[in-house]
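Quick one: the structure is below, questions incoming.
Lettered A, B, C and D in written order, each chain numbered from 1.
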């Protein structure tokens, strides 16, 4: 079993639904993004292409973040999800320097989105999940997945650009999409074997 | 083309009702005089400013149409009422809603008897604007 | 209450998912709100609903940060400083609801006795749920002055009115299920905000995946253009010229058009006399057509459409008449691709190619069978929206684009340009709601459902402005008017002998100071009010000018029985399901917040017009016996919602039923979705009524010194330049325009920190987009702080985002950013306040439909250091 | 320390840019990591040099630097109270290895140094515990001199650090740091000119090696086609790090000592040697600080043909 995600760049319109759905699901503090959307353009006027690239933890099969972690806080579940045990993390941030995908964030203090106006009841309800002084990142919404739901970003995507499933199963939707549509990884040269695939725009 | 519309002021409300033959002086619902049909007209919103009576009582032949009822009202309440309600003779504005016994009246040329046993007519102007 | 523990352990009594509706934009998608121990911890889409299909945009899924914003208003506030202005501290003092309501009711009573028209009510377009209660309130009170603020003004008069005339709906969208080739003009449907936004995002993605080609004509390569197969950049405000040139190529060069459709479903065969009017049957007054078989002119009702001539010249009753289509063909000839290239900068060869692609992809004459029903199949759609219609030439711009559809019969048939649900046969149990377009005496279509002050067609006869301050009585094609806030409003009111002046404003959530035009002019108009009440979530820039500010409930605290009705507004078009969701309160009000609709009822009671309000609700909600509200009985808003629902869906389906189920839905029939072949109506490709309308208007205005430019009132569309095109002052060499960002709804969502965060991460949301080569030519660098200045010396400051994805003469700014007030601290100072550049006056309003021109010619200069 | 909201603003700005600078290991609490690495490196080098030059005081200084370096590391950690957990992953983690190196160095240092400085200690110099301490501290010293470069070169997200010369550079830094401290100590101890001359020669050689490796590293980054590595060099030479590079690394670390060593300005004296030592040490700090701070994450973009807008 190797859980993975496929993001269809042809469908994605860069609406930030995934980024905010993730915020809503996890209540991550300011400066911590388990999911976000990058926007760039290619080409020259008038032959120009704008594109959006949703990014998140790649849940690599060979995760460099796990290798460099001195405490074992960064680890991989048997289902392929790369996770962080916040009780073990010392906050050395070596994993952040090792992740070629820039998808780890250091929670360096208690923060809320409204600053001096105080935290919202929603934020207080979510705060327990977010110890400070540790590194945080996406875990494919492991709680949701265990409860039989799709990760929040997948469930919410208005263009149905995100798919989630078992990459080890050749008949799964994700495997089929990767095969049929020529799914690719970011930075394959890094040799990390990501479990997040993209379908060309 | 008329010049400005001068809405009746509060004073104007107290002016006496005009045509005696159209008025049933008795309480609504009573049938002291027996014309062809007794119709109670309830004017709401801006239209309510044209009379202090609520309801207004009209006596019309059973074959009368809604359009004739409105003509009668216009005659009774003045041209300014008509101006608010009618875009041209026998044609109300789309924002003028007329209900006969709770049913929306769309065709003014329809006779009362064809549609309902209309004894209550409600009339209001509904305005809206929208965007997005 | 220890929320943290309870959320973690979940061993609590309260752990509920409630079915409701979003309200972060007027798309109003269906949501599920997860409440644990009284706190909403998640909002998700409701997968049961056709509205959003369980998915939400960033705004919707982030809505709880707006709901829980600590800067929300919690108590009624009363101004203590009588002076109002940008630099005046209102001196807010907390008052009780009783005090507030008594004071407001006293004003209402006085004004209603004097002249109810002195009350102006305006609402934001964002909260669709505020429409019906506001509408009922103004009807009951007796004022015609009801406005939907900037949201309505900036698109309502063009996009919505012309969609109404041509498609009997509020808006148009490609039939994503079957369309193969869509061409968008300044529209982003399916790629960003808007009506049925989330549903459309999914449908557009499916279409893209299926291989639908999409061409996007837009000065800026964002949202829709980013996903298009081809981006066609053009000079700002020249969309009509391009569309007309494409029509010209189709009609006169390629000779591809749908003759049977034009004969049967448009006024193309109607004979036009030398006076540009229909030649009418002397007896019936019906427009005449030329019967090719009998060789005579006969009323259109008397000739099978296939026999009607579209070409030629015929002598009828002593005058020479030509079919409207023949005149259109002649008219289009001046839009040669070569001449149009000069106007639009789109190469002539591309214009020819695009026209050819569109015409051929339409597959004129083809049919398809859906659910056993044989239907015309025209898998092309030309779509316009706010961008292309946001000009003085709004009517023609939109019409020119729609002519592409009409020429090939791609209107409300399979694969074509669809109106949003213009025909509904109702729920199987109750046959409600029921509405179908119908024909007027001239055979032209009258919409079956509308929301505006007047129907888009037929237009009311222009009259002196006895009713509306916005002069819509004169300019009867206009719905929302700039003159409630224009520089020249007093001059206009004097000209038209408006016998009263506005005295009191009830504002619901509209931040008018930002949403209309430049803030000084709008503020000036607001300062004229003697008394302003503002219902708001935040102390916005506009609410700061109020006398009393009332703390509103958020969408998670409110009730609405008709979240997505009228269906022509924000229910997804195309095949699928009819869906009537509701909104219910998920959490109680915080502090002294109260629901708008409840407060209006209370005000009607205190001001003594409850019976009128009940009657108005009966009319507004079309309540049927026995659910009609009676006399002056005091119904709560919940009870009214309950009556609405039972009236439409049966005794057993009241508010409680809906709270439990969230919505009711039933399948759409093909003949509802693709209604055009089944309903005997025609639409005007030749706007015969426009010229007389212009004359009637001129007859009123010109004796009063207001000239009506007749070239806006010709029956066939033209490209007419914007004021910006006439500006040739040296140095003013960019056409600045605004666009709607994908992550923001008007000015409202900028206070939401998650959305603000996303917007700050976005390359363009808070910046000024300029073409790279243009920037280099002027020595301007990416990230530079620049002034953008109009000839009238209005200016805004912002950071440049240099991009290859914008026309070299264009300057793109996301709308309605740049808050300056302290009431929305997250939003304050973010982005660029484009509207500051806009003039609000007659000179910049369409003389046909009052649409403001939303593009401006500007000069861009680097901000000097230290400035 | 910069307040959280300012750091948040900075992060948003960083995330907007295609080539995002790393800040966790150089700014705010991250500065303690640079200081820690600097101190520990100098400690290791000083220990080695002091053994070679038989400077008892140098060993003490090295040990103290090691302790300070360790404390600085703790100050850097988000959760310092869990520091011991870093011992767990020696198999793959260079930080874990460094943790062991420093631990061994400090434990061995205590065993070795205590009898030398505290006559009343329960064990004597030359005793088994002291000998064990000598060996253990030597192993620790090798660890702390060696591991740091690998910490950086194993940071796959920062191409500027991924060069094979990086570990060598850090070893060279350590030696140069050690020699510099030695120069200072020599001044205080008033050793013979011979020893001093030897020391200065060694310092010169090590400095040359450092400069060559440094140039090599920069050359490697520029000549490679990794946009992030090239951005690092731009930042280092012309951008946000340039002030520290020219003022700290180049002027204080190289030019001033070179000028003093040449003897053109002042005749070589014990005083100038100490100044050279101090300048060299400070320069070392900036050399590390600038290369760390110049780290830029590799961009996430596939197939970006041309950078636009940034």
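The rule is short, and it goes like this: a contact is a pair of C-beta atoms (placed from the backbone, for glycine too) under 8 Å apart; a residue touches a chain by one contact, two chains touch by 3 or more.
No experiment lies behind these values; they were computed from the predicted model shown.
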Work out the mean Cα position per chain and let me know which chain is farthest from subunit C. D
Report the inter-centroid distance (CA atoms only) between subunit A and subunit D in whole Å. 34
Cα-centroid distance, subunit B relative to subunit D, in whole angstrom: 94
What's the distance between the Cα centroids of subunit A and subunit B, rounded to whole Å? 66
If you average the CA atoms of subunit A and of subunit C, how many Å lie between those two points? 37
Among the residues of subunit A, which are close enough to touch at least two other chains? 30, 36, 40-41, 43-44
Please output the residue numbers of subunit D that touch at least 2 other chains, ranges allowed. 15, 308-309
Touching two or more other chains in subunit C are residues 757, 761, 763, 772, 803-804
Between which chains does touch occur? A-C, A-D, B-C, C-D
Which positions of subunit A touch subunit C when the two form their complex? 8, 10-11, 13-17, 19-21, 23-25, 27, 30, 36-37, 39-41, 43-46, 48-52, 113-114, 117-118, 120-128, 155-161
What residues on subunit B touch subunit C, complex-wise? 1-7, 9-10, 42, 44-49, 54, 83-84, 87-88, 93-95, 97, 99, 101-104, 122, 124-132
Contacting residues of subunit A [partner subunit D, same complex]: 30-31, 33, 36, 38, 40-44, 53, 55, 64, 66-73, 88-94, 96-102, 106-109, 111, 115, 132-135, 184, 186-187, 190, 192, 198
For subunit D, which residues count as touching subunit A in their complex? 4-5, 7-8, 11, 15, 18, 20, 22, 24-25, 28-30, 76-80, 82-83, 85-89, 92-96, 99, 151-152, 154-158, 161, 295, 297-298, 300-306, 308-309
Hey, which residues of subunit D end up touching subunit C in the complex? 12, 15-16, 308-310
